[in-house]
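Next, two complexes with subunit A in common: one pairs it with subunit B, the other with subunit C.
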Partner chain A sequence: MERTAGGDQNSGLTAEQKKQLKKERRKAKVSGKATQSTTQVQTSFPGTDASSSNVLQKSKAELRAERRAKQEADRAAKAAMKAEQTSGGSKLKGPQVPANIQADDPKVQKKAAKKLEKQQVPQRAEGQKKVALFSHLHQYERSLSITSNMGFGNTGIHPAIIQLGLQYAEGLITGSNARCAALISAVCRVIKDYVTPQHKELSRDLEMKLKPAISYLNQCRPLSVSMGSAIKFMKLQISVCRKMSDSEAKSRLVDSLREFVRVNIVLAGKAISDSACTKISDGDVVMIYGNSSLITRVLCDAHKVGRNFRVVVVDSRPKLAGRGALRRLRQAGIQCSYVLVSAASYIMPEVTKVVLGAHGLLSNGYVMGSVGTSMVAMAAKACGVPVIVCCEAYKFCERVQADSFVNNEIGDPRDLLVKTNSHKSNPSLLDEEDWKQMDSLKVLHLTYDVTPPDYVAMVVTELGKIPCTSVPVVLRVRSTDT
Partner chain B sequence: MEQFLLDLKREKYNGSYDLAYKTINHLRKIITQTRWANANELMAIIREAGKRMVSAQPSEYVIGNMVRRVLKIIREEYVRIQGESEESVNKGSLHKMVTSDQDFQDFNTPLKELKTIVMEAVNEYIDEMEASIHNIAAQAVEHIHSDEVILTVGKSRTVEAFLKQAAKKRKFHVIVVEGAPLYHGHELAKSLASKKIETTVVTDSAVFAMMSRVNKVIIGTHSVLANGGLKAVNGAHMVALAARQHAVPVIVLGAMFKLCLLHHSALGGNEASFNRLSSPQEVMDHYEGGTEILSDVQIYCPTFDYVPPELVTLFISNIGGNAPSYMYRLLSELYHPDDHEL
Partner chain C sequence: MELQAVVMAGGRGSHMLDLTQGLRPKPFVLVGNKPLIWYTINMLEGAGFSEAIIITLNCVKTHMELVLKEFNMITKVIGISEESDLDTVDSLCLIKDLIKSDVVVLSCDLITDLPFHRLADVHRLHDSSVTMLLCPAKADIENIPGVKQKKKGQQKQREFIGLCPTERLNQRILFLLNEADLEDDLLPVNQSLMREFPKFQVRTDLHDTHVYLFKKWMINYLTHNKMRSSLRSEVLPYVVQKQFAKSNRFQNGTGEGETNIKMDVNDIFSYVDEDSEKDFIYDLTLAPHERKVNSKSITCYAYIYEEGLCMNVNNISLYMEANRVVSKPDSTFLNIQTRVHPSSRVDEKSQVGADCLVGERTEIAERTSVKRTIVGRNCTIGSGVRLSNCVIMDRVHIDNGSNLNGCILCDDVVIGEKCDLKDCFVGDQKKLTAMTRLSKESLVESQAMMEFE
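On to the complex of A and B.
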């Protein structure tokens, strides 16, 4: 009988599963009774017969058999799933959605807040006036310092990291290469000051110590793609130094991190510069956007080699980063022009090439750069001007994104406004009082945007000149190398 | 007259509507105050005055538009008094040229009622112009549906009235591009938010990023060129390009007095009167841009943008909606072909 077979599996069921089975049995009974009552009603009209009562009894038995068969099937399926789970492990888990793009989900945010509390990292307060289109992203305002309640001490975060976080939050260190290099130098200091506590292993404990540091930096300013790449490298290096003495492990770590910066930022920059110089010819008018350390390096090197070209710098509010690039180029002696991004299409007929820097390259070929990069690329495409993107290979990431909404960094809206009662450079500008008082008025300050790959002619990396869509190939090659 | 010319040179007007109003009032004064015997003489006087005004401020096409409109009004009224239909004035068809005795109206017969009738017609035209913003705004509810996201650039009085009228019946969101370096977008946003319209101010650089979420782009324009292209505020071309990329319709609001006879030629020549480069002070102020290291840098601050007709989906004017390819036909209603050269 089926009962005995079921009985063997019954022992493997938990209390919850037993409860569920009971519920199912109850449901089946009720439905069985209902069908019985309907059959009773149906048979009562034409009149009761002996044969009909037999039919009734048969149907009862049939129903019971059906129910039992269903229960067995359910039990078997559950046991099979349990077995698979214990053996397969994480086969059913797909890629996790990060918490920083789920700011509108209260459960996820509660979890994240708990995690931060455990790590003793202060959490930033959300801004008051959020733009509804971006409610899935955190929208902070630069109000009180987030470190005002942080304590020092052995269990706290290293002061070098605290300083770094503040420098990020205030915008003193900008640009993906600069942020990555600063991160690595701060982590080197942490490693140098690190002392393994007793009964603990360096590789595990150091990683534990770095986790709150990274959460803290993330709270100050969301991590950039370059920083993410560096952190991945760090974790890998830490996990490798298992069977070494402390001092040996520490020096090895510091050396490998320094080497990371040297290879991926400095040497890669040189290789890209040599490669891109061949693309700049005499008489060119090159357009650049914003301030990218790599692009200014490329142009200064090209000028040193003796190419005769002039540069148009396109800039945008509120960061006005283009002025920094303008100064650097003028110091090198390159002839420059300067426009705002709304006039890019006005000046585009004069331009022969557009060279852009990138914050990161996504796996579907989209170029993530500072907001406005896509505008310049679009205007260039409309005028038939080729667009060249220069990007180091460590900035390639596995994320995919089709528009600039799903993942972005929302900056402080007050950067676009003027402080109340202060001197206005332009009388039309809104001041903070207007913004606070009017409910329907929102101000949006985006940091990044994505450029579709059909606008970009070529990407110059230290591995060569590749099309935009070859990013996953490069990622694969690099992951098998390391 | 001299005072008016000085005002034109010094740009003492507040937008194209204001300028058009001032110009046509001035022309009305000329009609009443100068002595003329017949229609031909009147037209010659107006033409002369028009030439001087246009040369005082060549980048403002509205002046020329007003002058040509008045000339057309004079022709029409003259012909109507004579008893013929107005259309015969316009159509210079081959048939007419071959069969008719008098080739063209010579406008030489002096008519007593001409002055009063022309004044009436000009007043009517002024009334139509004053009501143009109201007429355009009345069409707002046809074009905006609920929960739309609308993008606009800078500050245009027509767009402001349009959106406020639609907000009385529908709920929608407006994204205003701030329009550096003049930041007129901030003013528009403040005005719209005061009427409880959900407004978001974004920077010029975020237009491509935001465009994927926008349902319609509604912009005003400084003038409409004869091929259906626009002379619009700086930044409108970038917005129109982004809209084409995302297949978002671009709707342009403009009254009929903005329609000009001129075409745009991007090759040299015309550029001097098409665009106006204003002071680079607004882009980079003297404090920063005047330092030694940056003193050699060329800073551009164009005022207008040319938007080609392929990027525009729809024109809404006080007489209704039109496709840009149709705009050239409306020219024949407004201006007479003999007046194309002042």
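On to the complex of A and C.
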């Protein structure tokens, strides 16, 4: 069988020639030269010789052989990949990353923007001069033009929600409990004013109505863990009232939401307060960090019961929330001291206990709190001072986080800078003009941080005093309860 | 419905009687060839209001509806009769059944480019009982047409506004007093105010633009309690003062239920909506509060708008100023209207400046220079005329060779040849013979000349 090298086109072949080619191919199969035939196919593409009569047969046979070779190669590769993968253990799809921590990925952001547009929620402008390490998180511009196109009519987002979003964004309602209670109060008003349109069911339509509201609130300020918990509860309740009349469903919803606030904030606070009071003994020096509605309640109740203790309030810039706590404790008549977080380790030898509030508790036992909490906890651990965290059970969340970088909230950098005035009182302090002019200067204002469970001795919840690592158990218990 | 708009257009323009006598009450005074009311409604429509209520005099009701046809908004015009002499609060009482939510009350003479949502945001944010709009007060212009000389010693009515010095622009109003209500040159300050705000700023350079956002319960209070008749001069200072007054309700003790407390019609606190949920939230929030705020308290906030244009066209000086601002090359009000209307004919040899406006079917002959002037409809301007800094209304005829500087000419005026007028005000239908030379004169009907201080 002669072969012609080169050649590119198949010349027209008669039926006889085709039959001959087929025979040749069968012979090639029998001889078992599978791999050889692939190379043969390349070289044997026919020219105009007589030997080309064999060529089509060959090429068919060779094509088949080629295909088979490909299959085997694929199989081999797959087997190899599997071997690799079993050691790696990753799915082919990859982890699902939420869009709010992918602010630097333009594709994801485009999708998110489209989603917001569909819901008719205005999008907030991104801030300037983001720190490179945190460019995956959103940083919003302060000037609130988010309401510029909202109008004052009946359509779109309910005015109670608009008001709530503004109050969140401007910091008039801060603190997990307050934000959650305010959210529930606003949603109750929405439900009260809600009228089911014709041919639609309350359980489905109300949920559709709440979606843009929640997107809007998320744009004003990223949702807190407590709010997330409340929203989950809301959705569950809405889906349950399926076969009821409208007025009955509405009243049932409003009642259940109010009950949620009563049970999870008011009663839980009382239970935690009773529990934690037993841990505060006479002569204690208790250190707290920042402001927390629960912690101030615990301390005021302990004082009312008659315990004799004094408090050290640790505060940090720029929010200086500790002053609010200081004011409340002083109004209750408790003896207080006040330091900034830079002095935490200095004053730690005097302290006998550290009581911290939490924004949320993560499934791996880490405590998410306002930025600076982990510093205080670390300083306490270094000095051998026990750290007690007080947190309501509804703030436990299924997220897992081991650092403060992956997921956080970035505030306005201008809060950290001094106000510009025409005659600078102290030229060594940075103000807004300096920040804008210096290209290489980036200012970071973080809101939360996570504290590892090794630093925390105990968490006091309304379900009892538990170690940090028992969070998944509590979550499981709560999910079976509801 | 979150907010309803009410425009008070029933005023007679008592501070600029020269302009507003006859068939041209204040809402229809032309600024930049558009009636004053156009600016207010334009702003409301741009802000996203879908409907508005306008209170105006019966005689101009139909004219009003004609002007309003231009807009997409649903407008409801309520007429009041000229003889009734109703003031703002009484007008609100008329429409109290139409009011179903919080209300923004505007006057028809407001010209502004304020993005309205900023003011509404202050109201939403603080949940305030009253929110006002303040802008820097404007000084009178140098040469007011028709006014011979500035009356010596006459101070413009200033307003003393006490503000809480916070970093942001949405300020809490602590104190509101008009100079006219000043007794013995002393500013009375409440002691409880000083206790809550030991440091506050009193500013006299701000002007209240008469834009008020009221909560619904305020409207209930105003309509039931007819002791006051003017929003601006009586109600607002009273409400601002009541922020720091003790309420009778508090003194009744906390144990009494709702039924025991007498509904005192005159006590403003009995109208305030109490909301225990809001109290609960205020208790929980970690935000720093200057004062213990709860849902029972009255709060008044203001938004100070300094960046842009905001004026109440109240007197002749402001009228001239408004015309000048509206016709500026970069004005935001002119995107619909072309500067020189296509139906008017301007001769090639004439010059019409870039900051002028020429109305429909006007003819301007050759060698005429028109600078910083607004010319109305159907006018005929002869050749060789020099117009500078004037406001000319409809159907005016100016003969050749005249020279007008800083004048206001009302409808149907005829100016003869080679006249020379400087800072004059010429009323409706006046005819001036040729070669008249006048300076700082006001030619109006005699009854309008009486101006009581």
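Operating definition for what follows: the second predicted complex is superposed on the first by the 377 of 482 C-alpha atoms of A that agree within 3 Å, B and C clash if a C-alpha of one lies under 4 Å from a C-alpha of the other, contacts with A are read in each partner's own complex, and residues count from 1 in each chain.
Going forward, a contact is a pair of C-beta atoms (placed from the backbone, for glycine too) under 8 Å apart; a residue touches a chain by one contact, two chains touch by 3 or more.
As the structure is a prediction and not an experimental result, all values here were calculated from the model.
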item: Room on subunit A for both subunit B and subunit C (clash or fit); value: fit
item: Residues of subunit A touched, compared between subunit B and subunit C (which is higher); value: B
item: Partner chain in contact with A:405 - subunit B first, subunit C second, else both or neither; value: first
item: Touched partner set for A:341, first subunit B, second subunit C, both or neither; value: first
item: Partner chain(s) touched by A:352 [first = subunit B, second = subunit C, both, neither]; value: neither
item: Subunit B versus subunit C as contact partner of A:172, first or second or both or neither; value: second
item: Touching partner for A:102 - first (subunit B), second (subunit C), both, neither; value: neither
item: Touching partner for A:323 - first (subunit B), second (subunit C), both, neither; value: both
item: Partner chain(s) touched by A:292 [first = subunit B, second = subunit C, both, neither]; value: second
item: Where subunit B and subunit C come nearest after superposition, their Cα distance in Å; value: 10
item: Residues on subunit A lying within both footprints (that of subunit B and that of subunit C); value: 323
item: Residues of subunit C defined as touching subunit A within the complex; value: 1-4, 47-50, 115, 117, 120-121, 124-127, 167, 277-278, 280-281, 283-288
item: Subunit A residues within the subunit C interface of the complex; value: 144-145, 147-154, 159, 162-163, 166-167, 170-175, 177-178, 181-182, 185, 188, 265, 291-293, 320-321, 323-324, 419
item: Residues of subunit A touching subunit B in the complex; value: 131, 133, 316-318, 323, 326-327, 330-331, 335-347, 349, 370-372, 374-375, 378-379, 382, 403-405, 408, 416, 425-426, 428-430, 434, 438-446, 449-450
item: Sites on subunit B touched by subunit A in the complex; value: 178-184, 186-187, 189-190, 192-194, 196-210, 212-213, 234-235, 237-238, 241-242, 245, 266, 275, 282-285, 288, 293-294, 296-302, 305
